[in-house]
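Working notes, structure below.
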Amino acid sequence: MLQMSWLIPLFPLLSFILLLLFRKSKSESTAWIGVLLTGISLVMSVGVFLAVWQGEGIKTEGTWFQIGERAITMGFEVNPLNALMLVIVSLVSFLVHLYSKGYMHGDERFPVFFAYLGLFSFAMLGLVVSPNLLQLYMFWELVGLGSFLLIGFYYFKPEAKAAAKKAFVMTRIGDVGLFIGMVLLFWQVGSFEYDEIFASVKNGDISSGMLTLTALCIFVGAVGKSGQLPLHTWLPDAMEGPTPVSALIHAATMVAAGVYLVAAMYPLFQASEAALTVVAVVGGLTAIFAASIGLMQKDIKRVLAYSTVSQLGYMMLALGASGYVAGIFHLTTHAFFKALLFLAAGSVIHAVHTQNIEEMGGLWKKLRITGPLFLIGALAISGVPLLSGFFSKDEILASTYADGKYGLFWLAVIAAFMTAFYMFRLFFLVFTGEARGNEKGVHESPSVMTFPMIVLGVLAVVAGYLNTTWFGTFLSDYLAQGPVELPHGDHHGPAWIPLVATLAAALGIGLAYLIYQKGTLSRDWITRSFPSLAEVIYNKWYIDEGYDQTVVKGTRGLSKLGVLFDRYVVDGLVTAVTNGVQGLSKIGSRLQNGQVQSYGTAAIFGIVILLLIVALTGGYFS
Amino acid sequence: MNAWLLSILIFSPLLGVLVLMFVPSNDEKSIKWLGVLGTLFPLGIALVVLSAFKMGGEGLQLTEKFSWISYEVFQSKGQVSYPIFYEVGVNGLSMVLILLTAVVSVLAAIASFSIKQNWKSYFILFFLLEMGMLGVFAAQNLFLFFIFFEITLIPMFFLIGRWGYLEKEKAAYSFLIYNGVGSAILLIVFVALFMKTGTMNFEQLAYTFSLPQAELNQLFITKGFKMGMLIALLVAFAVKLPVFPLHSWMVRVHVQAPPAIVMIHSGILLKIGAYGVIVFGAGMFPDQFKSLAFVIGLFGVINLLYGAFLALTQTDVKRVLAYSSVSHMGIVLIGLAAGNEFGMTGAVFQVVSHGLISALLFFLVGALYERSGSSELSAFGGVAKRMPILAGVFLAGGLASLGLPGMSGFISEFMAFLGLFEKMPVLAAVGTLGLILTAVYVLRAVLAITFGAEKELHEARDLTSSERVPAFVLLAAILFIGIYPAWLSDMLRPTLDAILLGLGG
Amino acid sequence: MDLDTLLSFKWSVMAPEFIILGVATLLSVIDLFMKKEASRKPLAWLAGAGVLGALAAIFMQLDTEVTSILYDTYRLDSFSKAFKILLLLGTLLVLVLASNYKKEDIDENRGEFYYLLLSALLGAMMMASSADLITLFVGLELLSLASYIMAGLERRNKRSNESAFKYVVSGGIATAITLFGMSYVFGLTGETNLFLIAQNMQDPELLKHGFLLMFAFLITFAGLTFKIAAAPLHMWAPDVYEGAPVPVTAFLSVVSKTAGFVILLRFIIITFIAAPGIDSESLLLEVQPYVMILAATTMIIGNVTALRQRNIKRMFAYSSIAQAGYILVPFVSNSSLLFELIWFYLLAYLFMNIGAFTIIQVLTAQEKSNDISIFRGLFKRSPWLAVPMTFFLLSLAGIPITAGFVGKFGIFMGALGLEPAHYWLAAVMMATTLFSYVYYFNVIAVMFFRDGEGAKVSVPSGMAAVLAFCAVSTIILGVMPDLALDFFYGNFDINEFFMNIEAVDTHTHDH
Amino acid sequence: MTGEMIAFFLLALTAITGGVLLINLTNVVHMVVALIFTFIAIAGIYITLSAEFVAVVQVLIYSGAITIIMLFGIMLTRHQEKEKRAPRLKIILTGLAIGLFFLIMYGKIKDLNFGQQDVELHVDNTKKIGIELYSHYVIPFELTSVLLLVALIGSIILAKRDDDEKEAKK
Amino acid sequence: MSSVPLTAYLMLALILFCIGLFGALTKRNAVIVLISIELMLNAVNINLVAFAKYSINPGLTGQIFSLFTITVAAAEAAVGLAILIALYRNRQTVNVDEMDTMKR
């Protein structure tokens, strides 16, 4: 089975190619190609996962090309971490394919959409099975391409165009960091292979400064992909893409790739305390920061997007706080419940044709399947006990606490509170109360859409039991087979931590209930109490504007400056030379005044000058 | 047959000239088809040459050498002769570039279907141009190199000046004068080398310069002389490449020349600069080259960033692409400055890759121009709607240009930077800023055309089948190199290893 | 020296000169007896035959050893043979141009025109085959006088008159300057035979007069630059070229210039080869910077001023000035390459310039204008004129696969050959060559890129033949320069140039 | 101060005066006449230099032939006998150049002396010249005849009056 | 014996040469220009003849040289005048500074 695992990414690729060929087909049954092929991938992934669960693993590589003495290799590797990722990715991908069959109904570029999905899945799965950094980097970029294409799927919308561009560029900034880190590592280690890098790290071949530098560079890549502070701004904008895309790429898989990257390179990070601290701080700040923005957004998908950013921050925080298992655990659970939330949101949008939560309301009755599923998702993400989010979040908090990062711990708790609050703000605004928008034609989505949500709903509930102190730490045992030496065993901090977490969730939900359901508290009491703060938060801390004012304007200014420089200095020099020559030419033809005597005079002058030079240089006067 | 193979290849475009002579000049259709056939013929021979070429073989292959000109000089030492030979041969590097030339020429000939007038003289000049390019890469001595180098100039002058756009003549002159400066410097250097060493052969020159300094002193070759020659060579090829601040002609040419010619120009002619730097700079003066590595790298990074910055705010897609060429040539320099296996290979890969990518992009821009009569970004929008294939290929080309993995651009960028990071990590890190900027300007331009609300074009038809051939072939080649670079790197390795041996020693 | 002695000389070696002289005399006599209205075509044929005969005579002499008659007042050596071929070839082609030049003024004096051409040629040939100051001077003046007259041959044309007058005044001054310099060369050595002068130059007495020698050199050199139209005595050229009849312009720019270089080489090299400089080094080494300055100035003036010209003949005048500057470059090299480089360049220059003038003549005659605009759309109108013209212009600009390139390449070899290499001179040359691209290519641009309304151009068969010959030669010499170089190496031993055989010679003849 | 010296000075003075007058006079005919004095004085100088034959030729050709044809020229082209002065700038520039030329040459001529050698140039001067011309210099001599013929024919064809012009006048 | 040094002759020649040159370059009447050139040639002749007597290698050569010069000068004067007359016929002027239809 494992030997065949390299085929897993290729099925979606096949789907991509086939669907591109059928790009003009009007038949929507083309979707089945994608569904089927990703289904095969899913089955194989599960098979692989089960094999790895048994303790197997494989790494196969061949020379891709050779430069001088060095061979650049390509191949595939299966280890506990990426086997898990394979399952997550192929599962969500499969479900999203299925869901899209319904969601994209009637779109004139229906096959193209599935082709893009296939391309993305290929890239993501390829990324996961990469045995070395270079290959990872290549798929890393291709994943970005898939994301770009899908965000810009509605290419005729200016917002989609802008969002796609922004997503690509912002992630590219991160990618360059990864690139630098990778290349620096190469010159330290002489290889891109994970195991060789880890071996070098272990042997102490790399100076600590270089370790930190490379780790941080790689982390920049993760920051870009996972929408961490300060490169997060693309992710909410990416919601311009079709909703299934948001579920697949911008919730469950691609954005988690950053976390995956840090996890995959964990031994490197472990070797540098500074790097880990940076990861943790960035993660923690992102978590609370994004959560704060999520409080006031009006677009259902944007709320979810900020929630995603925030949750990714959690994962980073976990990894930074040596909570390797916690991070991956949360990655897993988050993939399920966030994908669920997005698909549910998609279902809602599908029903009401708007994304503005102010124009929704009272949908609970109409969307009998979506509503409860959304509730499950919301509960899970809020960290309500017994649902998956509770367990994973709890572990993160525990790790953070255990690692001694108390400040971050409390930050995370506050973020948890906020999460609960805005999720339920969302829930209440969308599903309860009066309908504020159009009600006509609102109906539940077809089963091809609800089925994936149900599957995810189930997973959102049960995934938490993968790793609990109560039933067994399956996940950490499983991950312990991998190359990463798990730090300090498991973090099981003080028993009050789950309580605090639950309390935070409860507080958030309660507050949301009071404001949005009961109306006990005025909706705008915060806005009124802290108008300026609210303003800032509502405007996403003015980060986009700040970038516009500084980086974008600066770059554009430099460019304009360059244009001027090109015109006036570079071309100016040329013009100056040209003018000089033409001036000479003018003088020359002026001298040629038609007077033969002047010619003679000029000639005599010429001769006299020559003689003078001879006289002066030859020592005539001495 | 093999003994003459290379010469047959070089002069094979002349067959086209010959045939065209007998075609009435108003017979548009047959001229155009003959134009394509005339380029297919050299391509066929190039493939024969490729098959005769031993992959991974050391040194030159398929060499030919005939006595050509000889000057006899009476000196105090007695009679010394200064012979000039007709010497051609291929190594991995030139083989690659010859193939590139043959392929791009065919595609450009197909792209020339959009030429509106004077097809006969157009194709005659086109063939002469191709002959020049093939000759440049096959030449094995300075004299021959120079001759073919100049042969490319003249047809280009006409092709730009006669078939170009509005300011074509200005562009033609710009091209001529700037390249004239380059070739002027080249000529001085070549003659100086010839007079000092008595040979023009690349290998012999490289050998002579590798002699110990004591022996060189007898030939009046000082270290300063070598350095001076190298700098002069670099400047000369910097014009061709082009390197900031000698780039303005190239922008003008890219904007004004007919698309098919820009394909050739950007695809191959600029590469002569890179080829020259590799063969003459690194190949003949390795020590000096090494000591200048930082400067070269610096100029590479400046080129990369300068081109990228300027491409950011251009409003004409041709200008964007022109500055993007400036930027991409910076990567060649970066690779060369690295002076290690990766850098060198990266530089050559970039040469090939940019040749393909820019040929593709300019071809598409030409197609767009034909449909809209404009190349202003603001004239386009939502092209993807009516012309999905064009838009798709354009997007793919753009992505290749910004170095997306799986396409040739990535391999070259990756290797060039990988190389530079070993030697000058800080400079390289500054240079990576260019990778971001590239993404920004490429997407800005590509998306402005393909995405967004649809704008009226006076003729909105997707790529016709004759247009698809160049587009798809180029795209396929880009993907092929991106996915299977070993084919190229294996061909190059012996040649580059030989050069690197000098640089490393 | 009695008659026997005189007769004992090998006068046969003067066969080419005798043929030209005889034909010239014959021409003038026949012309006298011909009816005024009668066609002068036969005279052209006769003149052509004469030149061909002289050429044949030279080819027959190729194996002849160095021969000196009367103390080198006539001297047949490789140098003279090589350059006389150029002179004869150039005149032959100019004759074709002349016979096809249709102007009323010329028509009435056509017989004299041919006569003058041949006389001028005779003067030039004597310059090539003499090593005596007096003969050189008389030859020079014969060439000059004939040229003055030819320039003014269109005597009802104000421009032609003016051109001739400017030519004669400039020429007179130049002659005076040259002679002034020569008088000092003569005075300091007391000889007119160049080899004896060279011998006497080694007289230690002269060491005291380094400056005077240097001045004499510079003044003579400057005076001689008149003939080659180089700085400082170049300014007549544009005006004279513009006003003179086209064939005469062609003659001036090719044959007369070649003769100028011949006398420069002969006089300067032999005379001063052993001369002491101011600091008692070699004078020739010491004057190199000055020659370089002159060469550079000439190139700059010629090429830069040509940029503004709208009149095609004037443009070619400046171009010809610039070319003279190029050819001066090898003078600084002092290598034995000097001769073949200059020879080759002049050969190439002959083809390209006469070729270009052929087209200019055809076009100016048809369009009645000298403005560059007569070339408008020539490629459309007459591609068979435009394409050769392009070759000539490319050759003049020094673009490969034309003879001009090989010539220029050789000049570079000369400039960079010996230690110290003259990089800056080469740089000036290349820079000004670049300027020249602008005006040469401007003509090309006018031919190819503009649309002309003029009619198709008809070319007389003689002109067409010249055109074809020049075009083919330009290309062939560009592709296979060894044809010419091998011919040069195979037949001419340039050591003969330095061989003073007079001592032996007088000995054998004086007993 | 020998007689020769005095003669030289007188002759030189005359020659230079003639030259200066040429420059300063305004009437064209006067200028030519002034120059005749110079030419004759130069002939005298030749005699002091033991070159009788040259002196005679000088008188014949310069003072005779050339001045006469110049006078003819003036008559034929009589247009304006009074000569206007050239622009001052031109005079200054030309004068400056020539002055410099003079000074530079002067500096080195002034001590050029090869001493005196005993040669009897004046003995049988004409005969010796004749012999030399017809033996040693016979080639340039004959060439000169061609040159003179060229000048003759050239002058005729250039200066001859147009027949049709005459007809037109009739 | 003779007390007139070579320098004196050379000086005279130089002075006359310069006068002739000055005349040739500044006089407006074309005839005077031509005749000034003759003066220059005369000056050269003085040089030649003087050198014939006083050079390191005295002999008749200088005198013969000067004879050729005189002849040539005469021919040149004649041709110059002929050209001038042709010009005069067409332009009705002998002023050198009016002969500038061709310039630049």
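To keep things simple, chains are lettered A, B, C, D and E as they appear, and every chain counts its residues starting from 1.
In the analysis below, a contact is a pair of C-beta atoms (placed from the backbone, for glycine too) under 8 Å apart; a residue touches a chain by one contact, two chains touch by 3 or more.
The chain list, named the UniProt way, goes like this: A = NADH-quinone oxidoreductase subunit L; B = NADH-quinone oxidoreductase subunit M; C = NADH-quinone oxidoreductase subunit N; D = NADH-quinone oxidoreductase subunit J; E = NADH-quinone oxidoreductase subunit K.
Quick caveat: nothing in here was measured; it's all calculated off a predicted structure.
Visitor: Work out which chains are contact partners of both chain B and chain C.
Guide: Correct list: A.
Visitor: From the centre of chain B, which chain's CA centre is farthest?
Guide: Farthest by centroid: D.
Visitor: If we define chain centres by averaging CA atoms, which chain lands farthest from chain E? Would you check?
Guide: Taking each chain's C-alpha mean as its centre, the farthest from chain E is A.
Visitor: Select the chain whose centre, defined as the mean of its C-alpha atoms, is least distant from the mean of all protein C-alpha atoms.
Guide: Per-chain C-alpha centroids compared to the overall one single out B.
Visitor: Go ahead and name the chain pair joined by the largest number of contacting C-beta pairs.
Guide: D-E
Visitor: Determine the centre-to-centre distance between chain B and chain D, using the mean Cα coordinates as centres, and give it in whole Å.
Guide: 69
Visitor: Distance-wise, how many Å sit between the C-alpha centres of chain D and chain E, to the nearest whole number?
Guide: The computed centroid separation for chain D versus chain E comes out at 6 Å.
Visitor: In angstrom, rounded to a whole number, how far apart do the mean CA points of chain A and chain E lie?
Guide: 95
Visitor: Can you compute the centre-to-centre distance for chain C and chain D, using the mean CA position of each chain? Integer Å is fine.
Guide: Centres of chain C and chain D (C-alpha means) sit 30 Å apart.
Visitor: Residues touching two or more other chains, restricted to chain C: which are they?
Guide: In chain C, the residues touching two or more other chains are 134, 137-138, 141, 145, 148-149, 152, 155-156, 164-166, 169, 173, 205, 211, 215, 238-239, 308.
Visitor: Among all residues of chain E, which ones touch two or more of the remaining chains?
Guide: 10, 20-21, 24-26, 30, 33-34, 50, 55-56, 58-59, 61, 64, 68, 72, 75-76, 79, 82-84, 86, 96-97, 99, 101-104
Visitor: For chain D, which residues are shared contacts with two or more other chains?
Guide: Those would be 86, 90, 94, 98, 101, 104-105, 108-109, 112, 114, 137, 140, 144, 147, 150-151, 154, 158.
Visitor: Please list, in label order, each pair of chains that touches.
Guide: Touching chain pairs, listed by label, are A-B, A-C, A-D, A-E, B-C, C-D, C-E, D-E.
Visitor: Mind listing the chain D positions that touch chain C in their complex?
Guide: Result: residues 104-105, 108-109, 112, 114, 131, 135-140, 143-144, 146-147, 149-151, 153-154, 157-158, 162 of chain D touch chain C.
Visitor: Where on chain E is chain C touching in the complex?
Guide: 10, 13, 17, 20-21, 24-25, 30, 33-34, 37, 40-41, 43-44, 47-48, 50-51, 55-59, 61-62, 64-65, 68-69, 72, 75-76, 79-80, 82-84, 86-87, 89-91, 96, 99, 101-104
Visitor: Which positions of chain B touch chain C when the two form their complex?
Guide: 67-75, 82, 121, 143, 146-148, 150-151, 153-154, 157-158, 161-162, 168-169, 172-173, 176-177, 180-181, 184-185, 187-188, 191-192, 194-195, 220
Visitor: Show which residues of chain C lie in contact with chain A when the two form their complex.
Guide: Spelled out, the residues of chain C in touch with chain A are 165-166, 169-170, 173-174, 177, 210-211, 214-215, 218-219, 222, 231-233, 235-236, 238-239, 278-279, 290, 293-294, 297, 300-301, 304-309, 435.
Visitor: Which residues of chain C touch chain B in the complex?
Guide: 335-337, 340, 379, 394, 399-401, 405-406, 408-410, 412-413, 415-417, 419, 421, 423, 426-427, 430-431, 433-434, 437-438, 441, 444-445, 448-449, 480-482, 485, 489, 494-495
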